[in-house]
Amino acid sequence: MVGGGLGSFIGPVHRMAATLDGEIAFVAGAFGSSAESSRAGGARYGLDPARVYDDWRALFAAERERPDPIDFVAITAPNHVHFPAARAALEAGFAVLSDKPATATLAEALALAEIVAATGRPYGLTYTYTGYAMVRHAREMVRVGTLGAIRKIVVEYEQGWLSRPIEQADDRQAKWRTDPATAGIGGCLGDIGVHAHNLAEFVTGERVIELCAEVSRFGPGRALDDDANVLLRFAGGARGVLISSQISAGARNGIRLRVYGENAGLEWSHENPDRLTLSPLDEPQRVIHAGMPGLSDAARRATRLPTGHPEGLIEAFANIYRDFATSIRSGDAGERALVPGIDEGVRGMTFIDRALRSGAQGGWVAMDMGAE
Amino acid sequence: MVGGGLGSFIGPVHRMAATLDGEIAFVAGAFGSSAESSRAGGARYGLDPARVYDDWRALFAAERERPDPIDFVAITAPNHVHFPAARAALEAGFAVLSDKPATATLAEALALAEIVAATGRPYGLTYTYTGYAMVRHAREMVRVGTLGAIRKIVVEYEQGWLSRPIEQADDRQAKWRTDPATAGIGGCLGDIGVHAHNLAEFVTGERVIELCAEVSRFGPGRALDDDANVLLRFAGGARGVLISSQISAGARNGIRLRVYGENAGLEWSHENPDRLTLSPLDEPQRVIHAGMPGLSDAARRATRLPTGHPEGLIEAFANIYRDFATSIRSGDAGERALVPGIDEGVRGMTFIDRALRSGAQGGWVAMDMGAE
Amino acid sequence: MVGGGLGSFIGPVHRMAATLDGEIAFVAGAFGSSAESSRAGGARYGLDPARVYDDWRALFAAERERPDPIDFVAITAPNHVHFPAARAALEAGFAVLSDKPATATLAEALALAEIVAATGRPYGLTYTYTGYAMVRHAREMVRVGTLGAIRKIVVEYEQGWLSRPIEQADDRQAKWRTDPATAGIGGCLGDIGVHAHNLAEFVTGERVIELCAEVSRFGPGRALDDDANVLLRFAGGARGVLISSQISAGARNGIRLRVYGENAGLEWSHENPDRLTLSPLDEPQRVIHAGMPGLSDAARRATRLPTGHPEGLIEAFANIYRDFATSIRSGDAGERALVPGIDEGVRGMTFIDRALRSGAQGGWVAMDMGAE
Amino acid sequence: MVGGGLGSFIGPVHRMAATLDGEIAFVAGAFGSSAESSRAGGARYGLDPARVYDDWRALFAAERERPDPIDFVAITAPNHVHFPAARAALEAGFAVLSDKPATATLAEALALAEIVAATGRPYGLTYTYTGYAMVRHAREMVRVGTLGAIRKIVVEYEQGWLSRPIEQADDRQAKWRTDPATAGIGGCLGDIGVHAHNLAEFVTGERVIELCAEVSRFGPGRALDDDANVLLRFAGGARGVLISSQISAGARNGIRLRVYGENAGLEWSHENPDRLTLSPLDEPQRVIHAGMPGLSDAARRATRLPTGHPEGLIEAFANIYRDFATSIRSGDAGERALVPGIDEGVRGMTFIDRALRSGAQGGWVAMDMGAE
């Protein structure tokens, strides 16, 4: 991994995502702007110090000489690192999975495309929302013609966290995202606008051919855009609107897509990522849930849990595992307070037993019935 | 791990949850009812075959002799295994993290409590819903008195997947859950009723002292309950209702809790696990989101992402990683179709570039402007 | 009308509802516990003073002698008046439409049933929720077998407004509802529990044959119940739960019904009365909206607006009419502030005109283009 | 009333709204394009035939000569009638309450503004959404500074009913709205775009000064726009987006407003018109409900029911009244089926009585206990 050291929010997310299915091992990295910060990052992830490098140049140079080199590198550093690190990795023979946007400028992206073509190495981008099962199912529904010809596409990505100029205080996430030296040409457009643009094209297969934008900077002293509203024209004749903002006060992370075809409309919203609403003309709306029978292969392959279980269940589970492991390690009863133990186990069995008795007898029974 | 072999849904969830934070290594297990099925399960998880055992007896016997034994065992097998496996593990000196319900019968639970006390080994239960950040925050709000004295508690857990007698077809999950030999005394009560009961007590700190239940079997030929409605009396004077069903046709996995105090009510629902609604008397409802500023420590420690990002985001991310890794491995272009690549990278940068131009000039610009 | 004088909330609702469709004229009444308060009530409704009576005895006596008597009487007074007023009206030959519950005690209800039979006059009860189009459509869906045999019915009616003993302050609505002398035998049960019970039977056609209740009084010094949780058994074998509360702090007026059959479940909630959710086994949920094509006759006859318009639109419209009429009457410019006028009219046409120009030309245009 | 005859959907809505509060009497009108259709319309409303006129010219001429003339006229005819009828009414000395848009063209609107000024008669426009209590409260919140300076305004009005060219079949509502001769210059813009524009300005007090629009016609053969997306610039520096569509397949009547200020955002949606969501920076979201304590006077004056009762409750009530009245008139038992009667009354009292007994005794009791 390149980037994702101490202070990074997205680094650990990449680590958890990469290793979730037990198919990818996280073994090496360069995690910061100095040798020292890189070592701190490596320690955070518990890596073998021998494979924690001072910078990504050293990483690629050393790994290509190993008998067991890495297979690919994930680039999670700020945008200005994307291009040089991806170029170096590809040229060293490694596949690359990069955070979006691809690069800091359009010229870099065009140059990178040539390098990808020349080296023939796999290159991927973590446009996260394309990973949701219901987004993939939406794409399938459009592809098989459930909506008919697409007429209108509305995509929004609204955040409010840059309402105040928190980059002038010491907010690290805000700082690099509002600084052209690290963020590149786009502020809000580069951070979330490209997500919205990609989501619209990913689901519909329609490509934007013309656009008309209003790009604004509301934060005092801000060098990059923090709000953009864009009218879109698609190759197939559809019209669209893209709304992207980081000054929509009170909005959290509202990415949402609506697609209207001749015969039906569909809606997906990140607020309820496990659901997809299909609204056929003159028929009841249908709410499609991840994990239910009859979904596309694309959706099924992207689902780990039975229907009705939000994928976040794994994290809830993980909290219990982590707290339990911590309590074993520390032996501290206080830290264990949150993990249900044998008392709760006995209570649970008592509850079942008493409920069955009450149901059989009819009427009230006590939980505590004295000695059994 | 004990259990969780081929065909198990909860096994892989335990594996993902245990390893999510990179603090727990999954190194050994006994995964089935025969040596053969255990080996198949071990292969599924990519474990060292030397630490995949024929059964849990062998697992504990061998591991306790190793210089680097396991620290704890997760029991994810059907209910009838919980007690003997937990007993054996505790007596072999291992900590235990067990799936709920604790045991197959109340008598076993009482016996297990004695063994836990006698061995002094840590014992935990994966009551999953207690792992959600907002459930833990709800518990904190009750604890600090935001609601005042608790008056009423309504907890529901409704599923519909056993509406039809699918255990008579070949549904493996339904089979063991409806068979007293593997499920124990409770059907619906043991599978999900205990979750509801635990959630109510976990959040409120109030304990059920009396109950009055209606327990039903709707599925033809079913030996265990598939529906139960229970009136509850709590020690502190609160009254409650617990609804638990696996024949609520069309319900997916709707666990939901409402708590009403003298001064405010609160609601949490698994449909939107990242939210908590607090309704103070005579004031606007407040919707509290995971990750927002000002939450309790308990909630913050259980949250991995910034506010507005459902925890399932990690899984969406993981889908992209997995698909990318698969495509590298197979070299198959078809399999890569879903992972955005350099084309999408260039398009994204083009989008940003054109939006900025349009914003600066005012008016429409083309995405494709010929050679740059 | 009997009752509904000054201070009554439900009186004006009856008046608006009765006259909404222009088929019923509101011409006479007795509106209070004294001749004076009745006159004040009559003035509130702008009735001919000659048909505003001192009490309901006088109302029936006088109206039956008129050449143009009333056709029926609406009884909207507190519960203890329901029986004597209904009896007197029926015996005087008038049809009766009464607020629920029918009477103050069960004995009165049985006596009233005999009077209805003996007089042969029409008698109706305003169980309001049965008037919703989607409730009536739900009933039709059950009737035609969309759900299959009914297995489980969950009905809730939760309010929080009696969380505090506001009847001890001067809350008129709380006072009579918590006083056995005016409310009858039921507190919460009589005020809203009967609504829930009726809704369950109305929609499903199933009849409760046995019940098991927990009835509580949380408000200090309260003589009648303010909370009740009830297990239900229905004649056809279905099981059910009824939750009814006026101390569910923070709840407003949450009446909600879930019905589970062999093949599908349905849900209706007063929060979104224009919607009905049908959840067939193994198929996407369907959200059925009032006014959409293909609904039952029963639903269509109960709908006044096209789909997507909540019925409350009529009230929003009425606000504009009322404010406009008030402003004409008073000539007061201040009072007109809220009604859009000719400036808004010109702005609206300017908006359309400019949008069309911008669309035709491409690019930005000013709203104010100087003299046309 | 001018317009609103047979076949009109909005005519009866105006009638119900005008008379809802009992302060406005509906006494005269001209309801169609011929004397005959006008008479049919008058009969629909049950008016005195002497005050049902052949056309609006006759209406104003005759009414101005009466000793008891109308106070104002409501114009509910298609758009092309708005200007001539309003002009004639104003010049005859009557106040005018007109449907939107004000006129068929901008030139007419400017002319009308001069006539309003010259005659000094009150002129109002039924921009319906401004009548909602929570819209008025939103306006108050902006006015008192709860949001701080406004930065961004997103307003949408999406319908899907013109997805197919139903005007080519015999859909009367679609026909006049898609024909420039009756609709004027705007199709979708005139029918719903102006609502969205007005709502944005009404709530925020900000005025659009520049706009950039994409205006489309998707319906084959359509002469007027059926879709428009518009970027907005407001006088105070705010930026905005207006989306308006009648080809958003599956959308019903989704008018929705989001306003983002420096300190908070707010959202109102017609799907839940009784709610308003305020999202302050760094604090929990607040859901404000109509009828709750502490609302602005503007909101309270526009609310007829206690909190938690959607205003559509009045219509549900009205359905019961209407069905009851119809059943009395017809004497037909069949028609009464939907109105709960004495049987339901007795059942309700039995339910209360049995619930109280069960609560007192503990345990199950039968509904039918034989003779009392």
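Side notes on the structure shown:
As written, the chain order gives the labels A, B, C and D, with residue 1 at the start of each chain.
In this section, contacts are C-beta pairs under 8 Å (C-beta built on N, C-alpha and C of every residue); 3 or more make two chains touch, one makes a residue touch a chain.
Note that the structure is predicted; figures quoted are calculated from it, not measured.
The greatest centre-to-centre distance from subunit D, using averaged C-alpha positions, is reached by B.
Of the two interfaces, A-B and B-D, the higher number of touching C-beta pairs belongs to A-B.
Subunit A and subunit B, compared by their mean Cα positions, are separated by 20 Å.
Computed from the mean C-alpha positions, the centre of subunit A lies at a distance of 41 Å from the centre of subunit D. Rounded to whole angstrom, the centroid-to-centroid distance between subunit B and subunit D, based on C-alpha atoms, equals 46 Å. Contacts with at least two other chains are made by residues 212, 214, 216, 231, 233, 251, 278, 285, 289, 292, 362-364 of subunit C. Residues of subunit B touching subunit D in their complex: 212, 278, 282-289, 292-294, 362-363. Here subunit A touches subunit D in the complex through residues 147, 151-152, 154, 156, 160, 163-164, 212, 214, 216, 218, 227, 229, 231, 233, 239-241, 243, 245, 247-251, 258, 260-266, 278-281, 285, 362-364, going by the rule given at the top.
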